[in-house]
Amino acid sequence: MGYRLAGRKAKEEKTVIRVGNTVVGGDHLTIIAGPCAVENRDRYIQAASQLKKMGVQMLRGGAFKPRTSPYAFQGLAVEGLEILAEAKRVTGLPIVTEVMDTRDVDKVAGFADVLQIGSRNMQNFILLKEVGRVNKPVLLKRGLSATIEEWLMAAEYIMAEGNSQIIMCERGIRTFETHTRNTLDISAVPAIKHLSHLPVIVDPSHAAGKWGMVAPLAKASIAAGADGLLIEVHPCPEEALCDGGQSLTPGNFAELMEEIIPVAEAVGRKCHDKVKLLVKKSVI
Amino acid sequence: MGYRLAGRKAKEEKTVIRVGNTVVGGDHLTIIAGPCAVENRDRYIQAASQLKKMGVQMLRGGAFKPRTSPYAFQGLAVEGLEILAEAKRVTGLPIVTEVMDTRDVDKVAGFADVLQIGSRNMQNFILLKEVGRVNKPVLLKRGLSATIEEWLMAAEYIMAEGNSQIIMCERGIRTFETHTRNTLDISAVPAIKHLSHLPVIVDPSHAAGKWGMVAPLAKASIAAGADGLLIEVHPCPEEALCDGGQSLTPGNFAELMEEIIPVAEAVGRKCHDKVKLLVKKSVI
Amino acid sequence: MGYRLAGRKAKEEKTVIRVGNTVVGGDHLTIIAGPCAVENRDRYIQAASQLKKMGVQMLRGGAFKPRTSPYAFQGLAVEGLEILAEAKRVTGLPIVTEVMDTRDVDKVAGFADVLQIGSRNMQNFILLKEVGRVNKPVLLKRGLSATIEEWLMAAEYIMAEGNSQIIMCERGIRTFETHTRNTLDISAVPAIKHLSHLPVIVDPSHAAGKWGMVAPLAKASIAAGADGLLIEVHPCPEEALCDGGQSLTPGNFAELMEEIIPVAEAVGRKCHDKVKLLVKKSVI
Amino acid sequence: MGYRLAGRKAKEEKTVIRVGNTVVGGDHLTIIAGPCAVENRDRYIQAASQLKKMGVQMLRGGAFKPRTSPYAFQGLAVEGLEILAEAKRVTGLPIVTEVMDTRDVDKVAGFADVLQIGSRNMQNFILLKEVGRVNKPVLLKRGLSATIEEWLMAAEYIMAEGNSQIIMCERGIRTFETHTRNTLDISAVPAIKHLSHLPVIVDPSHAAGKWGMVAPLAKASIAAGADGLLIEVHPCPEEALCDGGQSLTPGNFAELMEEIIPVAEAVGRKCHDKVKLLVKKSVI
């Protein structure tokens, strides 16, 4: 079939997506961070403010959570969206949050700056078509066992409806290895760059499933050419309602930010000025 | 978490699901057959009548088709549902068809006797909840890379909403092997029997992706304890708009029906009387 | 490259391999059973005698054991071979045992009737060449993540050296699923039948890793067309030095033998007369 | 069982392995390069001299080649070893070459500075024990579908025989993805660093199977903490007898060397002085 819209042949220049005051793509490095789920107003607002000071350009947080068990915490729903909106007002940072239900697309789009399609919904074609009709950037996570071709075809579904602001997000694939939660397919970064004009970022937190691996995988992702990172940070990982084991503390995250700057510069990426400034000033 | 509703401990006797004049589960063997997609009224009605004569107990056919590419045939939608309804009137056989969109659940339930949740939607939790609210049996296909635990948890999502008429359907998992389209995980049959009271059937057509393998895999499935089969049969596979390569012709299917009877009897399964009768009379 | 010697085009009739008084291939069903490892003389001889009474046609047992850890039981080596030889004298049954070291091939061939190449050595090309020079049947287990093509190419390595008495043995492949030790690739049975003239048997014990699943998988294998089974039976599984969890007790094995006869007959397989006789007489 | 010898608890300081005038481990970055197979004397010597000028610290090249098909080029054997020896005399660089046959271990050790155990032999325990008895560093490639635990246990086999000079080498694992030859498991680098004191390098050439992906994967590997790289370079990839598609030309390799230096420095790795000097002088 070919990638009529997502393919390199469809568009010569690389797609750069504007989100609030920042961009994804080009030679920028975009850092998106936050807790897996929005669990509690005060804690989220506090975390968001901290992350802003550390140079994070977008906030993440799930209001609707796809969980394997129906008995696990499913997210705060609308209350979670409202907390995200408040975090945006307080920090000025754009919000990335997942939408799971076609009927919620407009509502979530009213709060979010970037709509996230989660791994489990990567081939929920109805939902892809629906976010394709909205004028908001979409962060499209790769499915647990999606091939690169299927992933780009999922982008194609969104683009075929008219929305071409797509950020591809590699988050690890399912393999036989059990040491990590998933296997980060680092080759997906150069593969997407080769096949498509769309930007691609990496979520090392879900890939590893272990916070201690996030830093080396984050640096590897940048060195491989990723346009950004999606990192789980939680003020108190051991109390997290989901994915605590893979969340960095704000302190770990600050260290990571310091470590990634020289790697980003080594591969010609421009870091957000604030980040470099903050690092110099030892604010973080 | 445990399988509060789908687990063996939740219910001592095996679940037997009544669909029209037939049942799924217990010691019955249920054969569901038909083309992958409803493509054409005359052809579908003709195929349905043929399949009925061969002893098929339920008809399958997709009106809404989840396809990797947005440019591939997406199904006839409502027109397809109407053709299925006509096939039901003509043959008296119940209809199994896929629902992909939460907003279509009531509409599809108005036509179908069994709602199919496809592999790609196995963790579309919104859709699972929605079919959980309907009083219709659900055929729950295993996801391409879903573990048995995740698959049972998907059933749990449906049951938690009140619908416990679930038919589990193994259809092959994604592995490194490329000789087959997917790898039929035959062990899933005894695994589901061990962990749950729900019936489990097998779709050897999607697993193999090659019509020549359907017969041995169908027999293996019955021998492993499957409660039924979901088989793709197309009057003219080489003209099929999807999955022609894995479809049996009506002639191949008739041979298969003859071959499976002794295997079913060898493991204590009751075949539909008509099937045995027809085989004796050489009607098929 | 093609399968110059192992391929269907290379030889029209199916290969039938004579081993002692029995055969593998054609329309026979060959049952090979025994403990994973030879652990103890008395116990092995006793088990062998029991298995003979139940109609087993060949005995298995490892004298050299490939173990993930160097600190795990590595087999009794030559002492194990001598016990196997004694079991053969006592029962008259041929012996299948693994050879791991090229330098041991002649020695093992002096004791064994069939040389087993284990999964981890399926692409130990030096060893394949070495058993290719011996005039003994080879049982070639599929590698943990070998494609069907690579597996047949491994057979081709043996055949290219002059030995064409090869019994292919499917034993499960490595996938993401953790409910079973490996995923039995039942499709490999019809695939080998389609691509090659060589006989193919199944080892459901290693595939499942759980004794409770051995019976359904054994029946499925026969229904899919397998020429035989390789089953782990241990007089006292909970005391086994390796793989106890997947071993049947002699009692479970006797039940299995009863159950497989009707399935074998349903697909046109001839069971060893003794088996049927014993079952009738309720000796087992 | 635990990693009695290979584990972090067994030895506090990181293992640094001396090979000729260079080392693997510590804060050094070791670059090993060369063609997949030694095919031709003049070409190999010429390539070796070029690679030396570009700052390569060790030469690779296979004299014994494990090939899927018995009809594919199997290597020049002893003649290949002699060419490697000549290359060593000419360049002064140490040689890494694969040993496949237990009976060849002493012979290969007579020529090579580092004995390579290939992926297919990672659980050839006999061969592991044999190289464990030799006083030469061993480059232990991860098996195609080996877990990290199994891989470290393979190192444990070698160490248990007395040889603790082991260089772990990640080279991609087998998954469902077909865009790349294998899936580079970049997480294996921090995993080995976390679990063991042994050095770990990466072979991006075999992982990707595509030369265009080697550079981003090489940089990612260094950023993730790898102690070195194993890169395929061929003077004329399109004429290579094996793996041409994944080989860099000397020109591509020179570019790669320039690109990796800033990444290596960004993560605190010391590059070989010559490399930096050569890059400054634009010799490469």
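Each chain gets a letter, A, B, C and D, in the order it is written, and its residues are counted from 1.
The rule we apply is simple: a contact is a pair of C-beta atoms (placed from the backbone, for glycine too) under 8 Å apart; a residue touches a chain by one contact, two chains touch by 3 or more.
Remember, predicted model here, so these are calculated numbers, not experimental data.
Q: So which chain is the furthest away from subunit B, centre to centre on CA atoms?
A: D
Q: So what's the Cα centroid distance for subunit A and subunit D, whole Å?
A: Centre separation, subunit A to subunit D: 34 Å.
Q: Can you check how far apart subunit A and subunit C are, centre to centre, with Cα atoms defining each centre and the answer in Å?
A: 49
Q: Mind pulling the residue numbers of subunit A that touch at least two other chains?
A: Where subunit A meets two or more other chains at a single residue, that happens at 145, 149, 174-176, 178.
Q: Testing understanding: with touching defined as stated, what is the shape of the graph linking the protein chains, line, ring, star, complete or other?
A: Shape of the chain contacts: complete, all pairs touching.
Q: Of all residues in subunit B, which touch subunit A in the complex?
A: 1, 4, 66-72, 100-103, 120-121, 123-127, 144-145, 149-150, 153, 156-157, 160, 174
Q: In the complex formed with subunit D, which residues of subunit B make contact?
A: 145, 174-176, 178
Q: If we count contacts the way the header does, which residues on subunit D are in touch with subunit A in the complex?
A: Checking each residue of subunit D against subunit A gives 145, 147-149, 173, 175-180, 183-187, 189-191, 193-194, 207-208, 212-213, 216-217, 219-225, 259, 262-263, 265-267.
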